[in-house]
Amino acid sequence: MEITTATQQKSLLETLNPGKRTRLRRLLYEFGPGNGTLMLLPIDQGVEHGPRDFFPNPASKDPEYQFKLAAEAGYSAIACQIGFAQRYYPDYAGVVPLILKLNGRTEIPPNDNALSTCNSTVEDAVALGADAVGYTLYVGSPRQDEDFIQLRRVRQDCDRYGMPLIIWAYPRGSAIEKKGGRDSFYAIDYAARVAMEMGADVVKLNMPKLDPERDKDSPAPYNELQVTQEEAIRHCVESAGRSLVVLSGGSKVDDEKLLEQTRFIMQAGGSGVIYGRNIWQREWSQALEIIEQIKETLVSSVTRVP
Amino acid sequence: MEITTATQQKSLLETLNPGKRTRLRRLLYEFGPGNGTLMLLPIDQGVEHGPRDFFPNPASKDPEYQFKLAAEAGYSAIACQIGFAQRYYPDYAGVVPLILKLNGRTEIPPNDNALSTCNSTVEDAVALGADAVGYTLYVGSPRQDEDFIQLRRVRQDCDRYGMPLIIWAYPRGSAIEKKGGRDSFYAIDYAARVAMEMGADVVKLNMPKLDPERDKDSPAPYNELQVTQEEAIRHCVESAGRSLVVLSGGSKVDDEKLLEQTRFIMQAGGSGVIYGRNIWQREWSQALEIIEQIKETLVSSVTRVP
Amino acid sequence: MEITTATQQKSLLETLNPGKRTRLRRLLYEFGPGNGTLMLLPIDQGVEHGPRDFFPNPASKDPEYQFKLAAEAGYSAIACQIGFAQRYYPDYAGVVPLILKLNGRTEIPPNDNALSTCNSTVEDAVALGADAVGYTLYVGSPRQDEDFIQLRRVRQDCDRYGMPLIIWAYPRGSAIEKKGGRDSFYAIDYAARVAMEMGADVVKLNMPKLDPERDKDSPAPYNELQVTQEEAIRHCVESAGRSLVVLSGGSKVDDEKLLEQTRFIMQAGGSGVIYGRNIWQREWSQALEIIEQIKETLVSSVTRVP
Amino acid sequence: MEITTATQQKSLLETLNPGKRTRLRRLLYEFGPGNGTLMLLPIDQGVEHGPRDFFPNPASKDPEYQFKLAAEAGYSAIACQIGFAQRYYPDYAGVVPLILKLNGRTEIPPNDNALSTCNSTVEDAVALGADAVGYTLYVGSPRQDEDFIQLRRVRQDCDRYGMPLIIWAYPRGSAIEKKGGRDSFYAIDYAARVAMEMGADVVKLNMPKLDPERDKDSPAPYNELQVTQEEAIRHCVESAGRSLVVLSGGSKVDDEKLLEQTRFIMQAGGSGVIYGRNIWQREWSQALEIIEQIKETLVSSVTRVP
Amino acid sequence: MEITTATQQKSLLETLNPGKRTRLRRLLYEFGPGNGTLMLLPIDQGVEHGPRDFFPNPASKDPEYQFKLAAEAGYSAIACQIGFAQRYYPDYAGVVPLILKLNGRTEIPPNDNALSTCNSTVEDAVALGADAVGYTLYVGSPRQDEDFIQLRRVRQDCDRYGMPLIIWAYPRGSAIEKKGGRDSFYAIDYAARVAMEMGADVVKLNMPKLDPERDKDSPAPYNELQVTQEEAIRHCVESAGRSLVVLSGGSKVDDEKLLEQTRFIMQAGGSGVIYGRNIWQREWSQALEIIEQIKETLVSSVTRVP
């Protein structure tokens, strides 16, 4: 079975209340590459993976590294946890926008029943002068029931305070592993849709991995779809509807692939990228170099008006 | 054993407070087919099943499709989740009434212990200008204890704000599977009654499936009842008492069957239908066509004054 | 071992605050048989057992049946769930007192770890003009810890609003089954005492079933007691102390037995009966007939001043 | 290994806020034996064990029995549950001080994971005019995490309202059974300390049972301690620090033993006793007789100024 | 693989709000060794381990012992639980600063799924005049989801009241045992980072134990790192970033080792030590002696400005 695509997303900004619009426009137009694109720097790996991610580039262990990088390279925003933000953001207040990541977990216990609980709130974000909050939703986790309740409160606070909501839409848990896996087209596509329906202003997605063998375990029609990587990501972006989509990077890949997938997401109607280890695991000057190339790709490949 | 029917339901509207009455009348008389009937369009499948439901008709993936359909074909209301509503309803505000679906779950984890948690609230519905809320009650689930508590809060908010409460009354969970299954006459009949006793203004029911083999596992007298499909649905409608009943569609069936069951529910004292995939999995003009036929059936077969 | 009885209960009404006293007196003296007795009609079986209970008398499925019966036959009060009350009680407001049953569960999942959660509140009861609330306490359930917390809130609201609290004191769960069973003398006697100590104004008890074989599993001295049915029920009534006791009926039994057990409970110091299926599973005129006999028995056998 | 004792407890009353001091002084000096001792009568066994405890003395089943006993024999206070207190305490208000027991459980389910939940609150105690509250802490239970949270709220309310907090410090649960058992010196000593550190004004302890065989499973140095019964109880009293200690009785023992252990606890620096079944399972005049002897022992053996 | 270190921590005090700054400066400069160092005395072992820790020095069982020691030896602060503080701190108010330890657990139940729940609050700490609160975070426990939520509330209250937050960052639970164990370099390093990102002002760490055999189970690159003890602790201190680090002692070790590790932590950029059993399990004069040596080491080895 082949898939066709059909949607032309309308403007998200038009639907937002004044507070959300103000803050999101800041990220899309006033900081970063501009042109309605998002280049975001995540640095929550210290909680999610521990300090092991910092060994390839020891300088990256000092939170100053990411903040300075975000400021000097001209990022749309930097995303981090509360303690991190409280201790390092003050020196960069007004210089680079802040996305407060509200929930998190360590990788130590297994994530069969993953739930990422909130260690900070939208009010904390307001107090810090943040321009958005980040929330990890483990789509399809056996504990999704709790996840939806927790997200509801975050979403309502976002509505109340005019704070843009960015959902890290991650398929997780024992159940998805039996249906093609957390990186399957089925899983990512489902996650994109759920994030939109739950109220995400921006959805952070991983690139779907096409694996004919594992995809057989996905429900129809995913178990027999013939799609290219580009088509898959386009489909996922469409599933997010009016919500903006940014592509997540994962562990470090080579430059060519990084730029290629950046082009893919933008051509598919995405709004930008959120690459962490791919950036700050590089030495300073090399990091600046790849950032420049990403920025150019974003601006040159953008196809959607937010 | 045969069954006889005995009840003649009295008016529901008479028992409602002014807010509920105002809003529910709008759905029953001002929009849709009128005449006290309900033709509802549900589009929460993106969460419940994922985007796989959109492949038969790729255009249906864009939420615009369902909103435009509901508006142009003259629906009583459209039912969807919060993020969906916030992003697409504003363009249709006042044009088609909104039912905010308060809870939901993905189909990824098994539903042996199903609980559908609230990702939005009655206050969200009020803020959106919705005319009703939808709540999925998993009747008989091992987690029914939590479900009743959650529903209590929704029901109380509905009373407080004068918001009609539509209960998706779905038997679910490992226990019902041992007693004839979730679609058995026993299960649907029980669900109808529970929804009414929990405070539903409108109950959404699936058509009971008569299966003599599985029905043997149902408690007496269901294990030995001799009923036709029509009698079974009439019985279920009666179990809902003064609460209005709308029939749910499920996966796509052929036109004849769809119209027949529409007639059944209306002749049994039901108040309308809530068909999703049966409608929007059709191409635009075909959808309009079947909608027209359903509408005529509703108006011509209606037997109850709400 | 034989048992002796020793207590002469003092007046409950004297200990109640004005609100409770006003409402409970209404049930004891202004409605029903009067003379300080209680004849209560429960109709929560639609939730507890499902519509299967209505097949013996199809007319009983319509909530009108029980309300009309309660009104015309002169009941002390009718007990039902919130949705039921909201839809049918308005027509009988002031004609027959209402007991709002606050919690409930379906019989679909097993009750090894039974907990009956609240689908309505004391405030709902106040809003409806109810004269008492009903609460099912599953004495000895492995989830009794949660039950006591939930009951605490109900009890406190009852104290605050002056609302009489009727506890359905039902031994339940896997643990009691290993100690003689939920209907054993040990279990019922324990339940009566716990209900009193938790703050019941009225305790609803099942008749203890004497079964020498199973009673051997009860703790001493119950495992070797020589008691008659009358002595057992008297003992249970005494365990409830100053709290009033009403006897529950269970599934339908023959008239003679029904009247006999009515006499037993009254002679034992009980205050009345709460029979459901034994009444409304009868055709109208037969129901009226047995009600009349029960009423006479209550008045003629009453031994306690409430 | 031998143990030595080292501490001389300072005054507790000096550390208490005015409300706590007022109420606790009432129990220590205005009622009961006086002289800074506590003679408390517990009657929560109806919940904890059921009515089976009343068979040895049928009169004890009537709550009047304990209240009259406490009043006439001159107790420092009587301790009971909320429903019991609401129904029977009014007749004795001002005549005998009340300790409201806030939590409880039936013995029906196993207590491997024991948690005793609150069926009443400190505010209930204030409303009743109680002079202290009682709280059962299951030290070392697998659910101690929940217990500590629940106790926190009680302790904070006690601080707020100036209500003395008496902790029933009971080792319980599957884990302690593997370390020498709930009555071991290790267990009781640990419980005494935890109760003090959690904020008990008075700690209720069971007498530690020295059992060389089982004590081998206790952690060092308890697994090899050479102590007498007297030394053990002295050690436990010291572990409670400035908190007062009262000795619990358990099931009925002979008079000599009862008076001996009363002497032990007072000589060890304890402040009194809380004997239930040992008292009210006796016929009236016999009860009065032993109470008199206990009272004399308390006054003659007291070694600590509270 | 070898590791290099790269960070030079900036001032923490500069980032703190006035309340936190005032209180933390008091500990760093007004009490204790001064010079921006912290010498803290913990006495929460009565809850965590029970009275068994007091046998080596029976005098230590009396809370007076630790308070007097802290006061006379000139400690920066003493850390204890609420009941302990309420009963013994008043005599030392203003003489030695108080750290209220908010959560705790007994060692009786296994800690595979460890969670240390709060038995007191930041408001309790404010009421007592405490200068900081302590919170045990079980990093990597299967119940970390609950831990983060609980910590969030504590952290927010600390922000609100200007109360310094000291996190006992302890890897715990079944999962970490499979990845090298709770004392591994991987575990301690991870814990340090998580504590900082969760908002700790001060992080309490155990000394990582290098065990080539068990470290093989740690994730890369920890499974193959070649580090000395000094390098490991330096790395962990850096992972805590701007948060101050104090070294925890554990069970009693010999003097030389104690002073050596004190030097290590200070040279690594740490801010002090928090030794309990190593101090108060010594007889009074011996305790004073070692304290003096530790104090000198702190002041002479300090390398960081807080």
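Labels A, B, C, D and E are assigned to the chains in the order they are written; within every chain, residues are numbered from 1.
In the analysis below, a contact is a pair of C-beta atoms (placed from the backbone, for glycine too) under 8 Å apart; a residue touches a chain by one contact, two chains touch by 3 or more.
Here the structure is a predicted model, which means the values were calculated and not measured.
Touch-path distance (fewest steps) from subunit A to subunit D is 2. The chains in contact with subunit B as well as with subunit D are C. Residue numbering shows that subunit A and subunit E use the same positions for less than half of their mutual interface. Averaged C-alpha coordinates give centres for subunit C and subunit D that are 35 Å from one another.
Subunit E has its Cα centroid 57 Å from the Cα centroid of subunit C. Looking at subunit B, one finds that none of its residues touch two or more other chains. Traced around the ring of touching chains, beginning at subunit A and stepping first to subunit E, the chains run A, E, D, C, B.
Against subunit C, the residues of subunit D that register as touching in their complex are 44, 46-47, 50-52, 55, 58-59, 61-64, 80-84, 86-88, 90, 103-106, 108-110, 115-121, 124. On the side of subunit B, the complex with subunit C involves touching residues 1, 3-8, 10, 12, 15, 139-142, 144-146, 148-149, 151-152, 155-156, 171, 173, 175-176, 179, 186, 189-190, 192-200, 219-222, 235, 238-239, 241-243.
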